[in-house]
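The structure follows.
Chain nomenclature is as follows: A, B, C and D, assigned in order of appearance, with residue numbering initiated at 1 for each chain independently.
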Amino acid sequence: MHLARDTLLTAYRSMATIRAFEEKVHEVFARGEIPGFAHLYAGEEASGVGICLHLNDADYITSTHRGHGHAIAKGCDVPAMMAELYGKRTGLCLGKGGSMHIADLDKGMMGANGIVGGGPPLACGAAFSARMLNTNGVVVAFLGDGSINEGSTMEAMNMAKVFNLPVIFAIEDNEYAQATATNWSVAGSMTKRAAGFDIPTTLVDGFDFFDVHQAAGEAIDKARKGEGPQLLHIKLYRYYGHFEGDATTYRGKGEMDKVKETKDCMVRFRADLTAKHDIAEADLEKIDAEIAALIEQSVQDARQAESPREADLHTDVYVSY
Amino acid sequence: MSRKSFRQAINEALRDEMRRDPTVFMIGEDIVGGTGAPGDQDAWGGVLGVTKGLAPEFGAERVIDTPISEMAYIGAAAGAAATGTRPVAELMFVDFMGTCFDQVLNQAAKFRYMFGGKVKTPMVIRTMYGAGLSAAAQHSQCLYPIFTHVPGIKVVIPSSPYEAKGLLTQAIRDDDPVIFFEHKFMYDDKGEVPDEPYTIPFGEANLTREGDDVTIVALGRMVKLANEAADQLAEDGIHCTVLDPRTTSPLDEEAILASVRRTGRLVVVDEASPRCNVGTDISALVAEQAFDALKGPIRLVSPPHTPVPFSPALEVHYIPSVERIRDTARSLMGGA
Amino acid sequence: MHLARDTLLTAYRSMATIRAFEEKVHEVFARGEIPGFAHLYAGEEASGVGICLHLNDADYITSTHRGHGHAIAKGCDVPAMMAELYGKRTGLCLGKGGSMHIADLDKGMMGANGIVGGGPPLACGAAFSARMLNTNGVVVAFLGDGSINEGSTMEAMNMAKVFNLPVIFAIEDNEYAQATATNWSVAGSMTKRAAGFDIPTTLVDGFDFFDVHQAAGEAIDKARKGEGPQLLHIKLYRYYGHFEGDATTYRGKGEMDKVKETKDCMVRFRADLTAKHDIAEADLEKIDAEIAALIEQSVQDARQAESPREADLHTDVYVSY
Amino acid sequence: MSRKSFRQAINEALRDEMRRDPTVFMIGEDIVGGTGAPGDQDAWGGVLGVTKGLAPEFGAERVIDTPISEMAYIGAAAGAAATGTRPVAELMFVDFMGTCFDQVLNQAAKFRYMFGGKVKTPMVIRTMYGAGLSAAAQHSQCLYPIFTHVPGIKVVIPSSPYEAKGLLTQAIRDDDPVIFFEHKFMYDDKGEVPDEPYTIPFGEANLTREGDDVTIVALGRMVKLANEAADQLAEDGIHCTVLDPRTTSPLDEEAILASVRRTGRLVVVDEASPRCNVGTDISALVAEQAFDALKGPIRLVSPPHTPVPFSPALEVHYIPSVERIRDTARSLMGGA
């Protein structure tokens, strides 16, 4: 698939924004500025961006506890996301949701989700809506590897197939679910599991933006054309702990450093862009600088922003009551 | 207006709302019946025939049978509701909530709050509850106290065919997630039900009978029993108000408090397991906010803290009876 | 596998008892003598018996809403079962459980189950117990075809494989789940579904006692020897409705009659016994007569038996409270 | 006896019972941590380190990490308990109950009754609950009212390290299914805890403070807050009894009623969502059985009927505070 220069730069900007966002969150979380739990997406950027680049606002995604990257890739407002993590009234969800519940339905982002396996049934529902409302939309259910063992995920896979729903199950396989190795906890394999429902699987190199983009494009096209659910098994890695504060001692010695050094999706994408796609370092540096400024400003603004007011506690429970 | 069964009233509400709004659809297990099978389609219309006839009229795209996967289809209803349609899901027995509760508790009920008000989730879950058919421990529970406990859901418990049609119509038009409880023992109950669509607002209790001596608040099937008890008491000169809250969330606190302020005596009748049920909830409300009006203790009439037994010989003692309601109310008047 | 004459007669007695039990229940249910719901096993006898014949009291089974056959095959007391269905104090569960909750832990019968998919997790638990208590026991999870779409079933399959548990998933595929065709509701196939967890499947002719017995023997042996979970996909058919009262109009025209005429497991087993196993018609008729008397007596006794007393309502909720 | 954290008290109870009884085993997600991974084993010991050190001592056969399949492993615990072992399952957050509730509601809790007393199911579910860590709507709930509602389960809510060890030991030795609630905000709380094993019986409330003016019944983490409120009130000459029920099922009704009969005033503090919670349950109990002793309304101190908000600025208003408890109790004395 040939990619226009603009598309490539958009992809780069999105991936670099996620990386910068997550690194900043890591930093300010350690300083105690962000309350609650935070699960960072750094390392996995090529996946979210490579997929979401194919989606429009009428398409939906469901996300996971590790949702910042999906939200940014799907076009959520970055300063508002940062304010949300800070628990501020200017946050994307008025400070009521936080990291694990970032959502923006207008952008087709149905929410990060604190429940493993929470998303896939919702994705089926959005696909039913798309069919009923004739939007021609597809739905991507982002999932961690560990979530394949949740009954909800498997039920949704069966349901998606039985109804031939335009749902793409995007399994972001970073080898671990919390501290447990996926090799151990998943009997069979992702491909076999999907085959159990007659859902075709594409194995994807999640360190390579182009591979993700290509595979996702094909899967999304098929789903959109009525060929039913698809599964992407995306191999990748997360750079930080399961959540902020995790010492990650379950990892092999030097494992992460090696991945970072040899496979990092940002390094690789940058190299590809400059070497093969005729994009100048300077262009990327300019984007980097803009992103750095955006993130810095987001943090500044979030720090200054007003907190929710006591009365806000009681609103938004119901539309009417 | 004509006499219709509880079953028919529900069927009509579904039919009328499906006709009125093309974004309304239904999803559940065997709500059509016969899907994929060589014989009749619409063979069942739900396990007790409540949705019969809807699939032929609206087609399989809008009356959707599912695999036996409650988490998937209840969750699909939540996801559909958040993205522009108005699903009415059927959970065959509320006892099965344990297979899909997450999609209600943590998803549908919390979306709006977690997302800062940026979504609405207009879904309905219709479900069957209650004892009386010897359906035993896993098919006879009430469980509406659990849903009442959860902020973000509305809980509706109709007590007659008329109530069922109006409240279900409201539920489908409502913009919040609603769970709608149908008592399995009431489907053949008959009553006057208008032919045209109408709504009954949530959070407005129905005064089914007025009297100055004792307030009886009763839920669902218990409303009828409470009225029968009140009939008997009236013969003894004890005059009861019987209040049907219709919805336990929202709850019409004002109507309950106003009535107790008038009578000074309260009996709450709840078919649900006794601990942390709606009976205790209403009792606590009154003990806090109308204490000064109370002339005596607040009495609860509920089953014992046991699973629902199978044997009819036991189940009859399990379910609150007219006699227990009557005797409890009478005891508040100083009677035996 | 050669089968001793005694074993064959035991199998016959067990199958014929189930058939007679169910036919009697059908009759007295129609007369209003039995309260609640009843889901009959008639037609499926070869499955429960062919499997349970390999089990001893230290082995467990979990069952379904269609549990009478499993209970009889696992050795539960027949008159006590009938009394249970009648809701009497002499019932196997004192009248508190009824048809959907018949259980006898001493016989290794962990209960009929009103929840589709309720059994498989329990089966895994019994297998953990067996391992921990060194009983060398195996566990058979009887399941309907429809239950394969429950998250609980699929989670349990994964768990059984991950822990290499001695669990046999015995899928009794009677083509329907309630009124819904299994062909339609199960994406993939039973074999593919199991392969999704690396669980081997044996396709079994559930109309043929010998095929069930052979396949079950091999699967149980493997599980007992530590080769992990196995799945039996047993094709069979139920003769009555999903529950008593079901008009079964979803079936194809003449479908059931044809099955009954051409495949009935009792007819076939009888024919095999007399033709190939040197068992006389008279021996079987004697057994039939004994069974008829047993069932008749069970019904008489159940009708006469004492009902539970009001005080029984409050007992057996807790061991102590 | 030495000062130990809540975390350590729980760890000790687990360790001691595992040593004492070889049929006790543990099962849950990352209660070991590192299973199948190339790095450290026992890398986590649970998400907050509560079970750390147990896997090295007892091995992977008795401290079992599972795939992320709550229905399977909670159900496996139920099945194991019914067949001769004594599992202690960890449900990481009680908020996840929606993924496995069926195995508690319809299986473990009902076995004994449905089977006519022919089985015991000695399983424990340890689980984390409560607000205060900005864990937001899906990781901050209490939900024990839901379990209290269900006949067949016992519900334990320890309020201190000492209570935690004694009650967990009892839970593991108990022959019924027990759910044991650990407040995530309390793991670092310290208190005196004996080194040797001991049990605290279920259904016996703990009188943490005696006073004649007001009875405060508080649950779990709220016990500490209630005592702080009582301290402040004592300075104003208002003397409170603070009762910790320890278990909500069974509930020590007698202790509560006796105390109210003495003080005539009751405040119930429950961190759970307010509708149909344990607060309303206790209020209803008293309004029915000790009405004559009451000198004024029964007051409930609970959060509002909303999901738990993420922002600390909101969460602080959500959780019942010492001030609210204090002011509520004072209002019963006619104070402002």
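Operating definition for what follows: contacts are C-beta pairs under 8 Å (C-beta built on N, C-alpha and C of every residue); 3 or more make two chains touch, one makes a residue touch a chain.
Keep in mind that what you see is a predicted model, and the values were worked out from it rather than measured.
The set of chains touching subunit A and also touching subunit B is given as C, D.
The most distant chain from subunit D is C, comparing centres defined as mean Cα coordinates.
Centroids built from CA atoms put subunit D at 40 Å from subunit C.
One finds 35 Å separating the Cα centroids of subunit B and subunit C.
For the pair subunit A and subunit C, the distance between C-alpha centroids works out to 46 Å. With each centre defined as the average position of its C-alpha atoms, the distance from subunit B to subunit D rounds to 30 Å.
Chain contacts: subunit C has residues 91, 93, 95-97, 101, 113-115, 149-152, 155, 158, 162, 184-186, 317 touching two or more partner chains.
Contact with two or more other chains is made by residues 66-67, 69, 71-72, 95-96, 98-99, 102-103, 106, 113-114, 136-138, 151-152, 305-307, 309-310 of subunit B. Of all residues in subunit C, only 60, 62, 91-97, 101, 103-106, 110-111, 113-115, 118, 120-126, 128-133, 151-152, 155-156, 158-159, 162-163, 315-321 touch subunit D in the complex they form. The touching residues of subunit C, when paired with subunit B in their complex, are 35-37, 87-88, 91, 93, 95-98, 100-101, 113-117, 146-147, 149-152, 176-186, 247-253, 255, 307-310, 312-314, 317. Residues 71, 95-106, 109-110, 113-114, 136-138, 145-146, 148-152, 248-249, 251, 272-273, 275-281, 283-289, 291-292, 294, 296-300, 305-307, 309-310 of subunit D touch subunit B in their complex.
Within the complex formed with subunit A, the subunit D residues making contact are 29-30, 33-40, 43-44, 47, 65-72, 95-96, 98-99, 133-139, 304-307, 309-314, 317-318.
Interface residues of subunit C facing subunit A in the complex, by the touch rule stated above, are 149-152, 154-155, 157-158, 161-162, 184-188, 192-199.
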